[in-house]
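Each structure below appears as structure tokens.
You will see two complexes here that share subunit A, one where it goes with subunit B and one where it goes with subunit C.
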Partner chain A sequence: MLILNNIPALLVAIPLLASAVVSVLPSARIAWGVAFVTTLCCLYMAFELTEIVSASLTLSYAFGGWEPPWGIAFVVDGANVHLVLLVAFISVIATVYALTTLKHEIAVEDLPKAYAVWLLAIASLFGLSMTGDAFNLFVFLEISALSSITLIALGAGQDRRALLAAYNYLIIGAIGATFYVIGVGYLYAATGTLNLLDIIERLNEIGTNQAAVTGLAFMLAGIMVKAGVFPVHIWLPAAYSFAPSAVSSLLSAIATKVAIYYLARLLFGIFIDTTHLIDLFLLFVLMPVSVIAIFYGTIAAIFQIDIKRLFALSSIAQIGYITFAFSINTHSGISAGFIHLINHALIKGALFMAVGIFAIGIGQRATMNSLRGVGRQMPITFTGFVIAGLALIGVPLTAGFISKLYLFKAIFETGNGIYVAVIAVSSALSVLYLWKIFEVMWLQEPLQPLKIEKEPVLACVSLWLLVFTIIIFGIYSAGVSSYGMNAANALIGVR
Partner chain B sequence: MSSLYSVLLNWNYIVVIMLMMAGLYIIISNQNFIKKLVGLSIFQSSVFIFYISLGKVSGGTAPILTGVSDTVYSNPLPHVLILTAIVVGVATNALGLALVVRIHEAFDSIEEKKLLALKIEDGHQENEQKDNKL
Partner chain C sequence: MGNLQLVLAISLFTPLITGLAVLLFNNRKNMRDICGPIGGIITFGSAIAIAMAIIDGQTISINLWQIVPGIGLSFNVTALGALFGIVASGLWILASIYSVGYMRGSKAKNQTRFNFYYAVAIHAAMAISYSGNLLMLFIFYEVLTFSTYPLVTHGQTKDAKDAGRLYMGILVATSLLLFLPALLWVWIISGTLDFTKGGIIPIDFSPSLLPFLLAMFAFGIGKAALMPIHRWLPAAMVAPTPVSALLHAVAVVKAGVFSFLTIVVYIFGIDFLLESGAAVWLVWLTAFTILTSSIIAITKDDLKARLAYSTISQLSYILLGAALATQAAIEGAALHIIMHATAKITLFFCAGAIYVNAHIKKISELDGLGPKMPLVFIAFFVASLSIIGIPPLGGSWSKFMLMVGSVDAGIPIMLLVLGISSLLNIYYLLEPCTRAFFKPSLKEIHVDNHILTIFPPVITATLSLLLFFAVDWVRLLTTLMVIP
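After this line comes the complex of A and B, so read on.
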């Protein structure tokens, strides 16, 4: 019972403590073992959490017995309970993947410390997805940023440009986080509280207030930097393309998603919109920006030769789809956004894993030239890669199709035909860059005989676990879609 | 006139805005990676001062119980928050400086223009290497 009652706190505390233990371990294998067991524990607790929350709808956990709004509270409700499960699931799979891939990319003596930072990143992502305290969120935001930056900089063993990518992320991320803190300051000045639920109540009492609006604007700007929303995404492509592949798949799958979830919570869950400022922001800022992001990311990906950078750019487009769904500003729009949030995490995690296995197989960076004919030599990885790629386009029987289906449903409810064209044309364009890779890898002959290493078994297992999940969610979509509904219910009320 | 007077009376917020803009300007305009980090700390410090100003109640003393019933206390919460934010700021700066050391080792420069040129050169070299191999 002690464990069940304290799951929200333990989900953060266990990886945090384990990271301290791991950092002093002498051997990389033992360090990995501890990290793996830790993430497994977290997955178990996340499962228990979903059961608790599905029974009681909202779980509020008060730290140290200090009741909110005085103490720090973790709040788990319909909007984030499956996000916690996603973070736990991806972190287990990415940790399995890291065992066989990270040693190719990072010096062996650095590995235990790399796993320590890895666990730190996971702990902060759990914290980000559960905290109900505006300032506590900033602390987790910075822990996640600093640990991600360290993990990205570890790619320097392979390519020194990783250091520049990490430095850029540090500067841009710190400006974003500081903007967020300014916003929290304004909101605190207006309401006198930091607890998100309490802020809603106080804002209800005092009505729309200039300071609160300014604060919200600053907070949105800061969170958008972390989420990689279009005009402030510039740190993202370089960071994901130079990071070690296990890190790329962990971060691209869940780090931006957690920020997007909080963006949705800020947009829909907190502010009582008496003057329709949020409506105006969604219609005139977020929607055009998302459309630009969708086309910019897709078209830039078409002309990209480096595969990892290509998928980082496609991430910007996919984040564009999520924010586009939010900007429709209806119940079904928000649930479509959350459905795509889950599906894209699985798809992009799988794609980055596959690219990492290819890069290890050929012993150099994966590009359009170096991957010629590799598909036939690494069939297991390639099949998984193709399925994940098809899911990214939105082919039926994959999770990506379900995302697009709910997105179209949300658009049809608005009755605006232009949006249908946006999604259809951009999906067609994404066929271009994926087909280009498939063709190079399967149909073209390698220009020189390839010396392919054997496909690492554990990495393939983790890739295929994600691919199976993508297929299962494509056929049996009730779980994900009910999460979308629950999230929208929790944020804007039951419709 | 009265609005200008009230702005001048809250001169601490003017200091905050000036520091904030100075910090951001240094980050954007400066070529040197260490100076950019200095700009970042100035930017962060301006937010610290903003929070500390928020917590100050005019005529209020330090929030320690005095036993006198009508004592006015300053709000301690923003000050405590800033203690946390300072720690975060120190960590960010430390990591940033560590990265600059590594960048200097790897590229032999910490000037943005030169690094950008080196980065583009790296990309070209990579492509050429591949063309030679092919």
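After this line comes the complex of A and C, so read on.
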């Protein structure tokens, strides 16, 4: 019972402690073992957490027995319980993937430290997805940023440009974090509290307030940087394309998703009284920006020849879909956004994993030229890659289709035909870049005879775990769609 | 699982298993090439059994679980689906025999890959015919597109790749831009996508939006080759002739018109569509397509290109029937699926036979070839008559029903359109025969004799003739579609 009662705290504490332990371990293999067991424990606890939260709607966990609003509280409700599960699930799979891939990409003596930072990043993501305290969130934001930057910079062993990418992320991330903390300051000045639930109550009492609105604006801006929302996404393509492939799949799958979740919480969970301000923001800022992101990301991806960068650009478009769904500002819009949040995490994680395996197989960066004919040589990875690619387009029987379905549902309810065109045209465009890769890898002949290394078994296993999840979510959507519903219920009330 | 469900599963999976068997026998040519006909016979047998059960009034369905509320993974045979299943599987038997002769005769490369994708395409066609709802139909519609791409580009030349790109581009773009949103729209307004006689669109659906929804389907189903999205079909003619024959006379294009007809009958409901008048614009567009593509066909000297434009014109007959939405017109459209399929596959078989045996592609070079390949040209002649619509050949029935339907619908001017179209057919389809038989040959032509390419067209031509007399059997199915 001690464990069950303290799951929210343990989800952060265990990886944090493990990280400290791992950093002093002598061998990479033992370090990986500890990291793996840690993530496995987290997954178990995340499962337990879903049981608890589905029984009682909201779980509020007070640290050290200090009740909020004085102490720091973790809040787990319908909006983030499955996010925690997602973070835990992806962490396990990415850790499995890291065992056979990371050693190709960074120096062996750096591996234990890499796993230490890896666990630190995972701990901060758990913290971000559960904390109910605005300032505590800032702390996790910083831990997450610093650990991600370190992980990205580890890619420098393969390509020195990783250092520049990490440095850019450091600067832009710091600006974002500064914005966020300024916002928290304003909000604290206006309400005298840092606990999000408490902020809501105070704002209900005092009504609209310039300081609070300014604070929220700063907070939103800061979070949007972390979430990779256009046009403050500029750190993202380079960061994902030069990081080691395990890091790319971990970060692309969950790091931005956690920030997007928090963005939704800020947008829909706080300013209940002054909603029309948020409405204006959604309609005149977030929606146009999302549409631009969708087209920019998709079109830029079509002309990209570096595959990792291509998928990083496609991530910008996909994040655009999620924020677009939020900006519709209806119950079904919000649930569509959360559904795509989960599905896209799985899909993009799988794609980055597959590209990583290809790159290891051919022993160089994966580009449109170096991948010619590789699909036929690495059929297991390639099949998984194609399925994940189809899911990205939104082909039926994959998770991506479920996302598109609920997105369309939300759009049709608004009755606006232009939105339909936006989604339909952009998904048709996304076929182009995936078809291009498919054609290169399957139908074209390699420029020179290929020397392909064997597909690393564990990496393939983790890729296929994600691919199976994508298929299962595609043919049986009840779970993920009820998460979407619950999230929307938790944020804007039951409809 | 009941017996009928088992039969349904057999008819769905046999083509797939055939494809795998082809891969397995990669190194044993004869074993590999016998797989197609055997698979065809099994599939055809089960398709017949399914059709008999449907005529008996039984329902045959396999329902797995629901993907989202209202959309399940399900197969459910409709009367129209049973008909299309027979057409696709029956002609597959002959086409697979023919393709052995053709591919060996023309010494094509990668025959295993060819046979594999061929079988997958048939699997998709069978799954399209027996789909239980629009989403399943859509999924296999896409499978059909993707599995035929390697067939279209089989030659691996630059022309083939360009054609393949156009083929994929048009079919995938239209389906993703229009077909998929349209089906989601239907799901949102009616909460289901199951094929139901009488349609599923709610009565209170805005009449001003109905033509729009219909247009999304008509243009979204690019395989139906309605103008202006017909360009992919002539482009796809770069494929080896067995592909053109089976896929671009039967499986692919017929899957397109079949999908549209299914949508009209089982999603919109013909009475609903007729009363709403939402399809009147489509009647005129199909009439335009019928005449324009016939005129283009006249200008083509390449035999396969001419047949391709003739196909576009004939497909619009079926779309016309669907758009008229009277009982006779719908029946005519359904009959035309089978009548045109048998006749057009004959014509393509003949075109391929002429190419493999005499190495001629152009109509202007056919002079004097008739006496050297009499069977082929007689088959060509018979099939042409069927397409023109002259009794006693199958095509006359469907044309007759379409004419009745257009009068019923109060648009008798369509009689004129169909009449002119027949005249144009006479002009461009009979020219090859008259040249072959009545013009003296200018140069000596060496003619091979690959028997496997010659007897399939003779059989299909005979079928066109038999169908004239067997039309009552076919109508057992088609009447089930229209009678409430």
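Assume the second predicted complex is superposed on the first by the 493 of 495 C-alpha atoms of A that agree within 3 Å, B and C clash if a C-alpha of one lies under 4 Å from a C-alpha of the other, contacts with A are read in each partner's own complex, and residues count from 1 in each chain.
Going forward, a residue touches a chain if its C-beta (ideal position, glycine included) is under 8 Å from a C-beta of that chain, and two chains touch if they have at least 3 such contacts.
Just so we're clear, the structure is a prediction, and the values are computed from it rather than from any experiment.
The partner of subunit A that touches more of its residues, comparing subunit B with subunit C, is B. When both complexes are overlaid on chain A, the residue A:Trp435 reaches subunit C alone and has no touch with subunit B. Shared-chain residue A:Ser477: touches subunit C; no touch with subunit B. Once chain A of one complex is fitted onto chain A of the other, the partner contacts of A:Lys409 are limited to subunit C, with no touch recorded for subunit B.
Of the two partner chains placed around the shared chain by superposition, subunit B is the only one that A:Ala166 touches, whereas subunit C remains out of contact. Contacts of A:Ser314 after superposition on the shared chain: neither subunit B nor subunit C is touched. When the two complexes are overlaid on their common chain A, residue A:Ser327 makes contact with neither subunit B nor subunit C. Of the residues of subunit A, not a single one touches subunit B in one of the two structures and subunit C in the other. Within the complex formed with subunit B, the subunit A residues making contact are 135, 138-139, 142, 145-146, 149-150, 153, 156, 159-161, 163-164, 166-167, 170-171, 174-175, 177-178, 181-182, 185, 188-189, 194, 305, 365, 367, 369-370, 447-448. Residue ranges on subunit B touching subunit A, taken from their complex, read 24, 27, 33, 36-37, 40, 43-44, 47, 50-51, 54, 77-78, 81, 84-85, 88, 91-92, 95-96, 99-100, 102-103, 106-107, 115, 119, 122, 126-127, 130-131, 133-134. Put simply, subunit A touches subunit C in their complex at residues 393, 395-397, 402, 404-405, 408-409, 412-413, 420, 423-425, 427-428, 431, 435, 443, 474-477, 481. The touching residues of subunit C, counted against subunit A in their complex, run 65, 67-68, 73, 135, 138-139, 142, 153, 168, 172-173, 176-178, 180-181, 184-185, 187-189.
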